[in-house]
Structure formats: C-alpha cells, structure tokens
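Order as written gives the chain letters A, B, C and D; numbering starts at 1 within each chain.
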Amino acid sequence: MTAYQELRKKTEARDHSLRERVMSLEEAAGLVKEGDLIGLGGSTMSRTPLAMIWALIRAGAKGHTIARGISCQEGDLTFASGLCNHVITSWMSHGLNWGVSKIMRNYTEQKRAVFEEWSHMAMGLRFRAGAMGLPFLPMRAMMGSDLMGRLPNVKTMECPFTGEKLVAVPALNPDIAFIHVQRCDAYGNAQMDGLPFLDADLAMAANRVVMTTERIISNDQIRRAPDHTRIPFFTVDAVVEVPFGCAPHECYGVYEPFFSHHDYYADLLKKDAEKGVAEYLQRFYYEPKDWNDYLGRLGMAELQDAARRGRSINND
Amino acid sequence: MTAYQELRKKTEARDHSLRERVMSLEEAAGLVKEGDLIGLGGSTMSRTPLAMIWALIRAGAKGHTIARGISCQEGDLTFASGLCNHVITSWMSHGLNWGVSKIMRNYTEQKRAVFEEWSHMAMGLRFRAGAMGLPFLPMRAMMGSDLMGRLPNVKTMECPFTGEKLVAVPALNPDIAFIHVQRCDAYGNAQMDGLPFLDADLAMAANRVVMTTERIISNDQIRRAPDHTRIPFFTVDAVVEVPFGCAPHECYGVYEPFFSHHDYYADLLKKDAEKGVAEYLQRFYYEPKDWNDYLGRLGMAELQDAARRGRSINND
Amino acid sequence: MTERRNYTAAEVLAVMSSRLLKDGQIVFAGVGLPLLAAILAQRTHAPTLTILFEGGTIGAFVEPGQLPPSTNEQRCCRRANMLLPSTDVLLLLQRGYVDIGFMGGAQIDKHGNLNSSFIGDAENPTARLPGTGGGNDIASLTNMIVAMKHEKRRFVEKVDFVTSPGFLDGGRSREKAGLDLGGLFRVVTDLAILGFDEKSRDMKVVALHPGVTAKEIQDNTGFELIIERNVETTPPPTEDELKVLRHLDPDRLYIA
Amino acid sequence: MTERRNYTAAEVLAVMSSRLLKDGQIVFAGVGLPLLAAILAQRTHAPTLTILFEGGTIGAFVEPGQLPPSTNEQRCCRRANMLLPSTDVLLLLQRGYVDIGFMGGAQIDKHGNLNSSFIGDAENPTARLPGTGGGNDIASLTNMIVAMKHEKRRFVEKVDFVTSPGFLDGGRSREKAGLDLGGLFRVVTDLAILGFDEKSRDMKVVALHPGVTAKEIQDNTGFELIIERNVETTPPPTEDELKVLRHLDPDRLYIA
C-alpha cells in the first residue's frame, strides 16, 4: 500500500457524520497513541493548545515527536516532562524578552532531544501539502543554506515546465493535532479570530484532531456566519471546552500573554534551568487537581489583567 | 530572463503604496492592453464582474484570451462581441435551466473561438500556483482522461519522494484580473461575503487587478475586521464602485440572479442565437449611455425582486 | 414503463439514488437531480449526511422550492456550516474527506467513462458540450454514483471522449493510469441500478426497478449488459419518499 | 562612541535603518528593532509604507508602548488591513509583493550570510540558537536589510552555519545555488551602513555614522572590510526622529 493509499484509508475509516464530539480534556488525551506524531496549532505565544499539552503531560505520555510552525515556552515543558524528544519546527525558544531557552539548549546540545529545523514557510507548506492530499509541494527558499544538508527528507527538483531548480518539501500528516480556538460547535466546526497561523492546513492534514475551545457555541451560531468557519467538523475528532485554554499564552481577543507569569517562569529557570522547570512542572502540571486549580495557581489578578488586555484589541 | 524573473520584475514595478486607487469603469477599461490574458472572478452566475466586461466590450476591445474557473452566459457575450476568441475554463454554457449555449457551440464548433478545457481543480491550482510564485503545482486528477491529450501545457511527473505519477499544471498569471466584491476600501482592500471561489488566488496571481465593488467603504471599516479581508490592497490597481455590478448575475447577500431576464435572454436566442445575441448586445451593451441606463433597461421591478431575494439569504 | 404508476421516471431516479447514500456520509453533489436525491436522503434515512457543493459549500440547507441554478449561487449556501474557495472544496476529494461523489451524466460507456465534452470527433465535433467542471476531479478522486436517464444514445459501447474517467478500458487500466483510488460505484437510471464486474469492469445490472424486464433494459442500452438470471428488483418508491421529493421540488423542475 | 551624544547606540541603529526604507514600500519586518525602525519610517518620511509580519499581518498599527513579544500576538494585529495564515504571508515574498525584508542578526559573515542556528560545529555545537523562523525565507526570496550590533564576535569571516543565505561564497554563488532574486542589500549597525561589492560580494562600508572612524569599525569587525577613502558620513539622528522613537518605546525595551 502506498503512503497515499494509507492516508486515504485512515481518512475513510473516520466517522464523518454530523455528530457531537464533546469530551473532557482527559478523555481527549486518551486519543493520543504511543509513538504518535503530534501537530500543534497556534504560533509562538498565541493560541498555543496548552490545556491539551497539560493533560497529556499529566497522563504521563512520553517520547513523542511534535511539529509546530514556531515553538515557544511550551517546548521547554514538552522536553522536560519527556512528552517530546524530537521537535520539527522553524524556531524554538521562549521569546525575545526572555533570552534563549536554556532547556532547549541543554536538551539539544546534550542530544537528549532532536531539533529538526525547517524554514517557517517550509513548515507551512509541509502541512499544506498534507492538507491537499499531495505527497510534496515545491518552493523557492532554503536553497544554498546549510539547513538543506541537515534535513533527512528534503530534495531539490527541476520544474517540469521551466527546468528551474526548486526545493520539494514532503507532506506532513500528523497522527494527531491539537488546536485551540475562540469558538467551536459541538460537531467541531471552528471559527477563530485574529491570525489563523497554520491551523486550517494542520487540521486538514492531520489524521485526528482535538479541538479545544474557549466556548462551545451552537451549530446555529456557526451557520449564521458560515464564511467565518475556518475548520470543518469532519476533520475533528474531539471538542473540549476549556476557558483560558492557552494560559499563560495568548488567545486573540480573549486574553493576552500573562507577561508577569512569563517573567516568573524565566526567573525560576535562571539559576538552574532543569531544576527550575522541574519545580514549575510540579507546581503547575502535576499538583493541580484540575484545570481550574491550574488557572487558580496562575492567579486571579494575572488572569483578569490578561483578559482586560485581551479584549482591548477591539477598542478604537 | 526567466519567466519567474519577469513576473517578479513586473510585480516590483507596480505601485505598492497605501494610496487611493478609485476610478471610473471607463478609466479602468483603459488599463487593459492589447493581447492581455484576462482572468475573471466569481463562478457561473455568481459575482461575475459584468460591469467591467460591459465597459470593455463598449470600449471595442477584441481578441483577448479569458480565463475563469467556470464560465456562464457572459461567455456568450465575450464571444459574440469579439472581446474573446479563446477561453480557458472548466465549463462553459448558460446554466442547467437554459440548456447548452448555442453561442458557445457555434463559435467553438466553427473554430471561431478556442475552448481550452481543464478540470475545475486544475483551473484553481493554476491560479494558486501563480499566486504562490511557483511555476507549477502537482495534482492527482485528469490522469487517464482525454482532457490531458488536448491541453497544450500539462505534464505528468513523478513525485520526487514517492515516485508516484502526478499531473503538473502550470501557473497561470493573468495580465489583468477583474473581480467584483460586496465591499472594498479606496486602497483596494476587499472583503467578500459568501463563496470566495478562486478570487483570492486570482488577485494574487494577476499582474494587474481591477476591483469593482457594490460600495466603497472606509479603510477604518476594513481595519475593524481585518480577518475578513480576502484580498490585500497591494494586489489591486483600480477600485471602481459599481452598484449592481454583476447584474443580471448574482452578488451574494445583495441580489440573486435576475431569473426572468435570463429567461428573456434564452428566448431571444432560441430561434437564431447569433441574431439574438447581437440584438441583446445592441440593446444592453452598445446603446445605454451609462451603467445606470443599462440597469434601467434590465428593469426596476427585476432589480427590486433580485435584491429582495438577495438579502433574504440571512433570514432565519 | 411508469405510466400506470403514481410516480414519474425522474422520481424513480431520485428515490433510487437517494437510497444508495448512507447516514453519516459526506456527499459531493452536482446540481439538479443529484442535489435533490441527497436532500431526500438527508430528510429520510440519513439525517447526519453532509452535502458538499463544488462552489465551496459544506453542509447547507437548500430551501424547498428554491433550488439553485448551479452549485455556485447563494441558494447553495443557506445556513451552511462552512464556505470554502472552490479549489479547497475540490481538494477535499483529493485529501479523502469525501465518501461519495454524486453527479448526472450526458453519455456513459460500458466501463463507466463519462463524456460531457464532445459528441463526435473532438477535432471536428458534431456538438461541443459544456465541459467537465469538477466532474473529472470527482471521478478521478473518489467513489462515485452517477444518476442519468436510461437511453440507448446515452449508454454507448465507448464514449466519444473520456471527460471523467470511469474504469477506462476496463480491468486494471484505471489503476495503471495513475488513479489509485475511487471509481464509479453505481449508475442509477430510471430503469435499474447498475454496477461493474469486479474483474472486467464491464457494466452489470445490480437491480431492476419495479416492472422493468431484462429485455427492456438491454433494448435501451447501446452495449451488452451483464444481467444475472435472478437479478433483484428494487422496492418501489414509498409514499413518504415521494411526498418529501415533491415538497422539495414543488415546481417539478427536476422530477417532471 | 555615542557617550557624549544625546542618543544611544540602539537609537542610532533604529534611526539609520528607518532612513533606508522608502515611502510606499512593503516591508517585511522582524520583531524588536526592525519593527521599531519601520514604524519610525512610517511616522516620519514614509507615511504610505506598509509593514508585514511573519505571523500573518498586513499593515497593522502597533500602539506606542505596547510592543509585541513576537510577530504572532495580537499586538501585531491592531487595526491591520488584513490577517493571513503565516504560510500565505511568507508566500508574498515568493510571489514578489515584498520590497524589503528587514530583520535582526546574531552572526553575519563577509558575504552577508546569517547564522541563527549553531555556534560551533552543528553536530556538536557550543550553543544551539533558536533557529531560522522565517529568516531563511526572507533572505532567500527578497531584498533584505539586516540591523545588528557591530561586534567583532558577530562579524566573522565565515559563519559557523548558513541559516539565512546572503551571497554564500561571494561572486555569483547565490544565483548558482538557485536563488535568482533578492539578496542582502544593506547591513545597518550602530557604527555604519554597509553594503556589498557588486562583483566579489564582499562587505563594504557605505557610510560611517557620525564620529565613527575607519579604524574603529575595522577593529570591531572579524574580517577585512572594504572602506573607501572618502566614505560618506550619515547625518546624525534628528530631534524629531528621536522623539518619535522614544514615544514608541517608552520603556526603552529596544532602544536602551
């Protein structure tokens, strides 16, 4: 069976019916199988599907490969918890204001984890090829750079019409994708505000999708603005309502990043990064009895402040 | 100079500044140069840029090649007026309710015009390749059919990773594109409701774009909902406000097709198609003193009825 | 054949094709009769079936009596779940999210190839037809049902031009052409439901509609059909099916 | 060097790079200093300039004092003209709608190649850096300006790893690698504006900032620069430029 036939077979076997797919974070974490390649939605500190990462780390999942356009501080947590030992991305650190991630450095320099580096456009086109049911897409970047030589599966090719040299990047069809949006119905029809990032392609490319959402809205609400739907229900396998599901990252129009929490995190890792991140995981990932307990530990004042800043985006 | 370098050079030479681009239909028709390959937005009977076709036919333009995803009754008029002698499309007729177009048949069977037939997805991917700055895109349809053998510029290729057989379709970068939307600002930022068809790719692929719009809105209005903008200003060279700019075709949410006018048109062509279409062109294209005169000839009752049906789409 | 009955040939066609659609499926439907049959299925045995249109619509509710002139107008969009660029809705076929493509046909041959481009020689045709639209994409990329009137001039040994590929020259020729997946699953007519022999990919009768004989169908077909001796008969349209259908198309645009 | 003046090195850098941007251009800007300089240009000599961000933003108004932590957060989106998927905003580079790419740099070499991946040997690096992001795409596909601090350890003969291609090995090696278009146009530092020799593609000084000597810049560079005898001097930052800049970054996040 060819890779394409296998992809089609998996897609055919999924339930395409217009049915409710609502479940808990814990149930959704149970959809992840050993060895799954996980795709993450959002970018850097925006619409990061942190609640699902949180649930998966708590469930004790280990050794996954994770693909994301641009990674951020969640990368530290996936490395340090053992959830991930191989990241496919274009960039990984915490963010301009907090310096280069020590955890990223330690894990990759000591070869405890692989950091497979593609250009951002290449990442986007790999998901897009996957979304289109194609084995590859051509592009014009990455040529001449040293990125090419370190990648296991990239090729140069000639254009069949012009003979030009192009780069072919292979489709990336994650086994499962986690995506967080502002609103989604019980069937999985998702609408998002602000930057769409790579999420629509990621959802279409993946073989399973868990959609976490700030709130579940009715299918009637979706149908009132069908041209704002970005991801259709039949690509979605689980819908989980998780208010503040990206905290302490951002969800456009709902909350900005919890900046002082990021300062706190960076401080905690300053002296001994590995000890700091272990302490952080203990306090925020393993100890909380549930997601609301986690949010409570982030702090009500932080949460209110982030929400005030978040909703201010539409102020004139 | 390669085709890519030429495309880049043309794009570089365009004015990318955030400036007003508003002009009249007649001025916009003046942007079309002899021999230009013209891309048309919309599909079948929806968001057809009829006002620009009308202006161009009146300006006496002849012998152009026209590309559109799916063509409709406007095809009759472009053939019969001499505006077009080569159509690149996936389908061309009037519509299910009005039978096969006699004008399409006469012109193509008598070799007065070329009907270059691609699959609809191939048309979409040709514009998309053009929009992406790629020389081609791969796809999995058209293989085995007789379409392949009749097309001048399509190839089969092997996937550089899997060795699978694929079809490569070449980029289509029209010299100029006509697109009609519900609203657009003076700079050219366009927002549309309903089905987006191939328009965003077409705008991005083309070397010049004329955007006709039901109404020009302020840039502030655009900036209040930037995630609804579908076409950015820097792809646009002219903005023309033309209420009922698709009549007697449809503009989603504003007016439905003028069905009884289409019946009238079909009747007019029933006995002698060429005589009928000539009469139609005379009455609706050459005689009117301006666009409002044209609309008046369509009839106020028709216009009100189409608008009533159009805005009813959002009724519960 | 249906003169003595309380339903038309087009109604038989609509009812019989609607029954082939299963609950929960994603159906890529053409305008006209396929659309009507898909809505009928949705309103009878398949409430969680979703209809896609080539224009770019996912899961709309078409209003009874307001059938669209093509799949690109707003009548196809009412209360849809999502509206996509046409290219992207066609790419759903390639990605594999579509269970069934469902369209009409002008001319079909023994191996299920469809012609909507040329009658006669393509270089000097007797008639130029409107062309493929998305038909080629649907036929190339997914499992397909075709609904059409059963007439000798439409059912020919070999189509003049393969616009939308069925099983090409039969056998494994479709796979050999690079079309790994999909293919014509059923042809529904006003006389019968037809399929294809697993090996030769020749057209065969799966079931005859009530009152149709083997001779009648063979007489209306331009090539030799495989008809087994004890071929099944489809149950006639029910009152309920006919009622829903007539409610959907009160002007009898497609069911006359 | 700027001790006696009423502006910082970072302010010189921001002002001098902003002056390279022309009115009406489309500028693809990185976060931090490039963003700041692009807004400065917009608010001084280039009112119809449009800023793109890698996250997917076209033409936003970033609020003074609310500078974004990356180009992916809502602070980059305020009152934008359009928000696109990141892939599509990067494809604007490939299609040719971007006039200038404008980013910071960690390490650069004589031919303008940039490294943001590895210090030392890539297999056993002294330090793993955060990686390319969209840097490689920008550097491959458009004309680019890089703004960075002028330090000997950052200006090296040959970068440890070519993350984002400049002129590769100089001469026509960039074109030979398949990169037909674009290339590093200017490097702006707190000491000078630099360019590249048309033929050899070796870095050369285009203009020195006020008070900077040829010796000072060579001492701060890890390879031999081309410095013409009568090299120009840039006019110092104006009061107006500094005022706008400080209004934009009141917390002095990037201009300290």
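Miscellaneous remarks
The rule we apply is simple: a contact is a pair of C-beta atoms (placed from the backbone, for glycine too) under 8 Å apart; a residue touches a chain by one contact, two chains touch by 3 or more.
These numbers come from a predicted model, not from an experiment.
Chain centres here are Cα averages; for chain A and chain D they lie 29 Å apart. With centres defined as mean CA coordinates, chain B is found 38 Å away from chain A.
Averaged C-alpha coordinates put the centre of chain A at 40 Å from the centre of chain C. In chain B, the residues touching two or more other chains are 2, 4, 133-134, 139-140, 164, 166, 194-196, 224, 227. Of all residues in chain D, those touching 2 or more other chains are 57, 77, 83-84, 91, 94, 180, listed in ascending order.
In terms of inter-chain touching, the protein chains here follow a pattern that is not a line, ring, star or complete graph. Applying the touch definition to all chain combinations yields A-B, A-C, A-D, B-C, B-D. Chain D meets chain B in the complex at residues 23-26, 48-50, 57-60, 77, 79-84, 91, 94-97, 99, 180-181. Looking at the complex, you find that chain C touches chain B at residues 31-32, 54-57, 69-78, 83-87, 90-91, 93-94, 117, 122, 125, 127-137, 140-141, 161-165, 168, 173-174, 177-179, 253. Those residues of chain A whose C-beta lies close enough to touch chain B in the complex are 2-4, 133-140, 153, 155, 157, 159-162, 164, 166, 168, 170, 193-196, 224, 227-228, 314. Taken in their complex, chain B has these residues touching chain C: 42-46, 69-70, 72, 89-93, 95-97, 100-101, 104-105, 108-109, 115, 117-122, 124-125, 127-128, 139-147, 150, 156, 164-166, 194-201, 250, 252-253, 256-257, 259, 310, 313.
Looking at the complex, you find that chain B touches chain D at residues 2, 4-5, 7-8, 11-12, 15-19, 131-134, 187, 189, 204, 219, 222-224, 226-227, 229, 232-235.
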